[in-house]
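Structures are listed in the sections that come next.
Next come two complexes, and both contain chain A; in the first it sits with chain B, in the second with chain C.
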Partner chain A sequence: MKFETIPNSRLLAGLGVCLVVVFYCALLVGPVDISIVEALIDWSRKESSIGSLILFDIRLPRALLALFIGATLGLAGAALQGLFRNPLAEPGIIGVSNGAALGAVLVFYFGYANLAWFALPFGGLAGALASVVIIFMLIGDSRSNVTLILAGVAINAIGGAMIALALNFAPNPYAIQEIVFWLLGSVSNRSINELMIALPFMLLGWVIILYCGRFLNALTLGEETASSMGFDVKRLRWFLVIGVAACVGAAVSVAGNIGFIGLVVPHLIRPFVGYEPRRLLLASTLGGAILLVVADIAVQLLSSGGELKLGVITSLVGGPFFLFLILKTRNTLL
Partner chain B sequence: MNQQSYISILSALILMLAVVSPHLLAAGGAAVGPQRIVSIGLCTDQLLLMMAQRSQIASLTSSATSLQMSYMADAVGDIPLNNATVEEIIPYRPDLVVGSDFAARDTTRFLRQLGYEVKLAVLPTTIEEIYTLLTRFGEWTGNQARAASLIAKMKQEIVEIQARYANRPVKSMIIYSPNGYTIGANTLENDVLKYAGFRNLSAEMGIVGFRKISLEKVIEAKPDFLQLDNHIFNRDSLASSYLGHPVLDKIVDNKERLFIPSRLRACAGPMVTEAIDFMAKKR
Partner chain C sequence: MSLLSGTNLSYRIGNLSILKAIDIEVKPGELVGLIGPNGAGKSTLLRLLTCVEQVHSGEILYEGRDVNELSTEERARCIGYLVQGAKAYWPFTVEKIIGLGRIPYQKWWRDASVEDDEKVLQAMKITETLAFRNRIVTTLSGGEQTLVMLARIFATDPQLIFADEPVAALDPYHQLHVMEILREHARDDRAAVVVLHDLSLAARFCDRLYLINHGELYRAGTPIEILTAENIAEVYGVKTRITGDAEGVSVIPVSRLGDHHP
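Entry: the complex of A and B
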């Protein structure tokens, strides 16, 4: 299969239109039949009708959360693949998401989330940051897939066990059942509050990552070349790490660990952007948003009431894709 | 089989006899009802405290002293507490073990295998079934007269409460619990709502028992009142965050949100009349 590189503006516009369409569809899905138009009219008249309450207090926060978290995971996946120069890097696979979930769990279940609005996403950020730093320490200068994946397996295992441990000791008796949320992720029954506390950190992370776009381009030629082109490799690498930690940490802290979006999306989009990491960033952001909004629609259609977790859908799609990537790259990259 | 295994089986039998026989002997000589009753459930803890002589009670569960969950917490005093494990129960040499039929199945099965008398209270789903439960519990523990007077008192209190609030209109209600669960038909809670003068919209939607309800359905139903089940006092969980969703503030006012104290509704018993009064008052 051969792909033509599409001009940036046309690619982004196409993805943008797609996103608007799926986002509108997400607002239509729910157990109660409501008319979007009537709900909008009621809302503009400041009448709190059943339709406007369902649209603005339930469906809109949920769809927006799916949109921003999907965007974050798509962008973070593209950034990590550029940073590690490794096509298998992804927040879930290398353990950043579980690290973030652990940080969020420690803040949420032990009463620290009530201290300040930013405590919860900050916990996620700290956990994510710690796990990226450990990954860097584990893999050193290795570019090998095996090293990265094994480091990810280890961090994921430790992170998952520590989440279970923390939930076991949490004072709330419901806590231990909620491990499913943290390991598989969901945006169901979240309100505008969760969106508002996560959004600033997500946007901060996006800005930092997008700022590093040119550096990621240079990095494809190797660290020495990037240095010789005038990039402060060490500093910018830290920038990227903090950017990823901020947005992934915030996303995971309100929606749990939703896997594989960051792996699948950059791979689907890469051929269209001429394998240029900087162009991949914005397109992956839109692609991730589309994919997660679609996944959340699927979750709702497949299980009305009984909550299927988002990670089930994304892993069912992403898991086989991951295997395919390993098969495809094992001769060239191992 | 060789000699060694014969010996080990024999010694196991002797050990079992040693454990069981004191109980068998005691059962024969019981005078009026059992004299060493052990409760292994919160609800039977409370029934014992209400009904039995203190000298009959050998042990209650550790939840019996919880001021939040137990209506009879103040009455526990120095009665020894257990955690419903077989190891803790056997030393009391109980002549009757009581518990709820839905809890501690392993413990009750094991105790029965060892030859102990275990009686399990069936969870009532109506006020009528509470009367049946009280009567049966009176028979089990040899306190029939006390049971009859508790039932008479309940019936009288219900009549008084219903007379007191008879002129108030019937209001609609949805019970919304952590994790988005609601309580529909065929439940004691449903019957309590009816006695307190409320229509249970969850039951009218066709929900039976304890089931998940989508928040959208709650909004669509437009209940006059919401009963938010906050029997967990620690709010730091996703389950409890269901009760803090901002849209709930928009569908009912603060005064239309009921939080029934858990000690009134955690178990079925004479305390339900207080729960009925608590709710009818807000109607």
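Entry: the complex of A and C
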């Protein structure tokens, strides 16, 4: 396959326009037809109409969550693929997303989920933080990427086992259903408050990751060369782990595990940025946002009766699509 | 004054001593060769001199200043390091790979400047890689890839170049090409240090040689002084035929010596 590298500004502008369009579409989608313009007029006059309520309390938080979480997953995937120099890395590989999921599941398990709206996101963030601490302890002074991946495998295994344990001893079937549905990953029925909890962590993670862009470019020549080019490889790897943990942990805390975005998006965009890890970061951020907003629109259009979960559809579409990509590019794959 | 000097350099991994009390000096205008058997510690020495690894004892001075006093950025601009078997992990174009050499001059939010582009172009001219600037680096031959990796270093425009076995696995044409480029670089206030296994190339191109064995400096001196049949037999455990003519000295390994235990 041959792709033309597109100039950075044009690519980002194109993706940006795309994002605006799909975001607007996302606001239009729902069981009730509302006029966005009327809703905005009502809102600006501080009149509460059905339209403005639906727009600001339901659709906007949902679309914004999909946007920010998609962006986070796209960016984190691109960052880890750059760090490991492997197109098969994804945000879950260092174990933080499973750690965050476990934190949230424990909140469900102990019945705190309905006590306060912030219990779940905080549980998730605590889980993400705990995973980072464990990674720190496991890795110590090692400079090997393999140690980092193995630490991720260990945390994923422990997190998975603990989640299974929580399900096993769940106090009642309703709790099981709650946990399972939450784990599937969704952005529906979230308020703007949850977004506001997650947003600072996401933005912090984004800034840290974007700061490491040059380092990721230098890593194209290997760690030793990057080190000779003035990069403190160990320290910057920690920056990336912390950046990914902050934004992915926050994303999972409010929306559960949404798979494949972080794997597929960087893969799709990479040829258009000439395989450059640094340029891939921003482009994948926009690409991830677009893809998840579109997926959430699809979820709403396809759902009848019981709601199809966002995480289910991304995996359902993402898995085969990724297979297709591998088949198509296996000769050029690294 | 020497461009770079290392005094009493030691390095350990756990209790295993890799390098013991090595002294090395690189003067401006010199092409210095590091030779010695596999596992002697040549690559480790390069990693120490390029600050990729920290010495456990000893001192490295760059133009009279302790290297640790230089900022990482300064160091990256002054010292270029071509690692052993350098390769690209992503299928970049040649021009993009060489552009990576400009990273020490760029801020994290900024793209390449006009000056960066000029330096890249100049590096491509020096290394004769201009012809395949738009090719994907991973599709090039080994010789061409080495030239590209070398060009990346020239784009940084460093004073001092370290190259770890740059001509290993290259055909004679590319071996000479790479050595000529390094030789050309090591003039005036610039210098280069190169790890070599081809002793004839070392004899022909280097001003001085450091012969390293078991993590220690065995001998240092001009190629004529170092490349004697006795030294080579002692360190490498091979019998050699050494011939000289107008083109320089040639060292031809003839047979292994039975009683050598490396």
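The working rule: the second predicted complex is superposed on the first by the 248 of 334 C-alpha atoms of A that agree within 3 Å, B and C clash if a C-alpha of one lies under 4 Å from a C-alpha of the other, contacts with A are read in each partner's own complex, and residues count from 1 in each chain.
Going forward, a residue touches a chain if its C-beta (ideal position, glycine included) is under 8 Å from a C-beta of that chain, and two chains touch if they have at least 3 such contacts.
Predicted model only: the values in this text are computed from it and were never measured.
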| item | value |
| --- | --- |
| Partner chain in contact with A:Ser303 - chain B first, chain C second, else both or neither | neither |
| Contacts of A:Asn168 with chain B and chain C, given as first, second, both or neither | neither |
| Touched partner set for A:Ser142, first chain B, second chain C, both or neither | neither |
| Partner chain in contact with A:Thr225 - chain B first, chain C second, else both or neither | second |
| Chain A: partner with more touched residues, chain B or chain C | B |
| Which of chain B and chain C A:Tyr109 touches, first, second, both or neither | first |
| Which of chain B and chain C A:Ser35 touches, first, second, both or neither | neither |
| Residues of chain A that lie at the interface with chain B and also at the interface with chain C | none |
| Residue ranges of chain C in contact with chain A within the complex | 47, 50-52, 72-73, 75-76, 79-81, 83, 86-93, 96-97, 100, 103-104, 106, 108, 111, 149, 152, 156 |
| Partner chain C, residues of chain A touching it in the complex | 8, 85, 211, 213-214, 217-222, 224-225, 227-232, 274-277, 332, 334 |
| Complex interface listing, chain A residues touching chain B | 30-32, 48, 50, 53-54, 57-58, 108-111, 113-114, 170-175, 177-178, 181, 189, 191-193, 304-307 |
| Contact set on chain B toward chain A in their complex | 178-180, 212-217, 219-220, 222, 232, 234-242, 245-247, 250-251 |
